[in-house]
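Look for chain A in each of the two complexes below; its partner is chain B in the first and chain C in the second.
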Partner chain A sequence: MSATLVADGVLVLLLLGLALRATAAADAFAAVVAFVAFGLLLALAWMRLHAGDVALTEAAIGSGVTGAVLVAAAMRLPPTLPHIPPEADPEAAFPKAMPGGAARPEVMPGWAARPKVILGEAAIRLAALLLSGLVTACLAGLVLWTTGPSHSQAATALRHLPELGLYNAVTGVLMAYRGFDTLMEKIVLLLALVGVWSLARDTVWGGRPFPAAIPAQGGAVTLIARLLPPIGIVVAVYLLWVSAEEPGGAFQGGAILAAMWLLVLLAGLRQAPLLGSRLVRWTVAVGPAIFLAAGFAGFAFPAGFLSYPPGVAKAMIILIEFPLLLSIAVILGLLVTGPAERRP
Partner chain B sequence: MSSLTLFGLCAAGLIGIGLYGALVDPQPLRKILALNLFGAGTFLMFGVVSRRGADAGLGGDPVPQAMVITGIVVAFAATALAVALLLRIFQATGDTVLEPTGTGEE
Partner chain C sequence: MTALPAALATAVLVTAGVVFFVAGTVGLLRFPDAMTRLHALSKADNLGLGLIVLGLLPQAASVSGALKLLAIWLLTQVAGATVTQVMARAIWRGASPPGASPSHASSSEAPRS
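Coming up: the complex of A and B.
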């Protein structure tokens, strides 16, 4: 008992330490690296909580793809600390502070107000510290004082799984019991992608996104980008197929496919696609569209939206999940590469 | 003290760290990062509750686990959109730090 407790204690301390590093590190890049390491350890914590599906998702999406987005952003933004006060450029900081073209005050307002600002900052920090401490203390109290089994919907959720041909309870919940949530989640991803694309400047609309291949010809990246994708594709399809019985699923598989694609893009073996092309748009839409169509097909049978008729349920779920795998992979990849920045 | 309690306390700590970072850090990128820590703590709390709801021979209640999977994906979508907005703002204005408007003259 004590050995696992010690191991879990070390894991928890590492998690908290990395979280502190991710918020406190002076350099944004170091903070992001700490965050990615944190995510991988968090996946271990999920395994300790007997949640293999969540562990895979955390490692692939929470740490992996989110980490890729944050690393790319940290590399493109200039190092900002120590934080530059606005008085460094009074014209930019107070463009409308002097209406009617009044002469600029002799003492720049920012400098005069500097001590006040610092005091304000300290007060804000203290208030934030108190608030976060209070929230943490309340939650810790809740954890310590509530005992015994919690209320569970597991029995209701599990009742129909054998009819669906699914033996992984989490996949069953995602595809059937809470299928509506899963459908909405795809819509959220699509909306996020539309949001990201719409940030492109008009002149490059429909063009290619940022990563113009990093010149690494003959380097290790190129070698890995040639070796790994065939294996990655097999693993991704396997993760989806096995999700009926074991941890896995369309998202975890999709994230691996997306990683393989990004690797190929980074190595410069292929160009990023034209975001305006029909092929890209159809690929992104096909998975959610089939899911939605299958949902409406439920109306043709007595049970209603997103219900699967007995007998063909497993076939229907596979029919939904494989196009979803492709769409998810492309959506995740395109969310990482961002809006168009080069002319079509 | 059991392992489950330890992970529960870890979740509470992560939520506190994330909340503090999101409130005080002036850099939007660090705020996004802190919000992700906040989210990770919240999800972990779900995991602890899920483990307590274990029955029928399962390791944990599958319903909160499935909700966490959906949550992680939605958190990623929000992060990607926020980062894209941040990069666009930087492209347009050159700012990477949030400043209170009207500093000093109030």
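Coming up: the complex of A and C.
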């Protein structure tokens, strides 16, 4: 017991340290690196809590795809300079020549004002630290105090899953009990992609992402971009297929498919698609559309929206999940590549 | 329960693997430049993980479980080798990681004695 307790304690301390670094790092790239490491360790923490589904999602989406998006964002930002205290460089704070040719005043007005500014900054930081600490303590207190005997609905939920041909409680809840939430999730993902696309300039609307075509890289990158995708596709389909009984699902599989696609794009083996092309538009829409259609099909039976007719529930869920896998993979990949930057 | 020889083999091999990981981490922290740090890291990935996987094989519940362990090791090898190549090429060309100037990296991360 004590050995696992020590290991868990180290894990928690590492998580806290990385969270602090991700928020406190002055450099955007360092913050992203800390965030990705934080996500991977968080996945380990979820495994320690026996939540394999959440761990997979955290590693694939929280750390993997989000990490890639953040790296891409950090690369586009101007490099963050180390914070220079104002008193280190008085010329920068108060240039010799005032605009309009006015002479520099004899008494530097900043002389008295500057320490106050620094004090103000420190005070604001301290206040922010105290306030956020207070909020965290309140939330922790709230959670710990209200924890009574748990009223778990797990047994009731699990009882009906075999009728759907599902044995993994998480997939059962996602696809059967909370199907509406899962549907909305996919719609939100689609909206996020539309949001990213809308950042493109008018002149390049419907064009390709990346400022220039990526030349073929050659060497190790090309090797791995040829070697990994067949394996990745098998793993992605496997993750979706076993989600009926084991941890997995369309999101986790989709993230792996997206990674394989990005590998091929970044190795320069294929060019990023035209975002305005009919194929791209249909591919990102087909998964949510079929989900929606299946939802409306529920009206043909007495139970209503998103209910599965008895007997064919498993077949319907598979019919919904495979197009979803494809759509999620393409959406996640296009979220990473970003808006169009070149003319079609 | 697994047999005693299997448990013993696991203990020895996993411990040896951990030694490689610790050595790799020490190298990552102490080596003077990016190329040697990459070298240290790849040793931990290849040999350390290889030994740990080898040590866990006797504990695998099934043959497919053991094959999955081997697959993890092989995939990590491929990924690690590729990343090392890409990073080494970037360093060779003089590209510095975003946010860190090369001079800063060499001055602040010199070996401390």
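In this text, the second predicted complex is superposed on the first by the 286 of 344 C-alpha atoms of A that agree within 3 Å, B and C clash if a C-alpha of one lies under 4 Å from a C-alpha of the other, contacts with A are read in each partner's own complex, and residues count from 1 in each chain.
Note that in this section contacts are C-beta pairs under 8 Å (C-beta built on N, C-alpha and C of every residue); 3 or more make two chains touch, one makes a residue touch a chain.
Everything quoted here is computed from the prediction, not taken from an experiment.
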Chain B versus chain C as contact partner of A:28, first or second or both or neither
both
State whether A:136 touches chain B only (first), chain C only (second), both chains, or neither.
first
Per the contact definition in the header, classify A:48: touching chain B only (first), chain C only (second), both, or neither.
first
Kindly classify A:274 by the partners it touches after superposition: chain B alone (first), chain C alone (second), both, or neither?
neither
Using the touch definition from the top, say if A:228 reaches chain B (first), chain C (second), both or neither.
second
In the overlay, answer first, second, both or neither for which of chain B and chain C A:289 touches.
neither
For A:74, select first, second, both or neither according to whether it touches chain B, chain C, the two together, or no partner.
both
Which partner does A:66 reach: the first (chain B), the second (chain C), both, or neither?
first
Which chain, chain B or chain C, is in touch with more residues of chain A?
B
Is A:316 contacted by the first partner chain B, the second partner chain C, both or neither?
neither
Common interface residues of chain A with chain B and chain C?
28, 74, 80
Can you list the residues on chain A that touch chain C in the complex?
27-30, 74-75, 79-80, 219-221, 223-224, 227-228, 231
For a test of understanding, state which residues of chain C touch chain A in their complex under the given definition.
75, 78-79, 81-82, 85-86, 89, 97-100
Along chain B, where are the residues that touch chain A in the complex?
1-21, 23-27, 29-30, 32-34, 36-37, 40, 43-45, 47-56, 58-63, 65-70, 72-81, 83-88, 90, 96-97, 99, 102-105
Would you mind writing out the residues of chain A in touch with chain B in their complex?
4-5, 8-9, 12, 15-16, 19-20, 22-23, 28, 31-32, 35, 38-39, 42, 45-46, 48-51, 53-54, 57-58, 61-62, 65-66, 69-70, 72-74, 76-78, 80-81, 83-87, 93, 97, 109-110, 112-114, 116-117, 124-125, 128-129, 131-133, 135-137, 139-140, 142-144, 148-155, 157-158, 169-170, 172-174, 177-178, 181-182, 185, 188-189, 191-192, 195-196, 199, 249, 251, 332, 335-336, 338-339
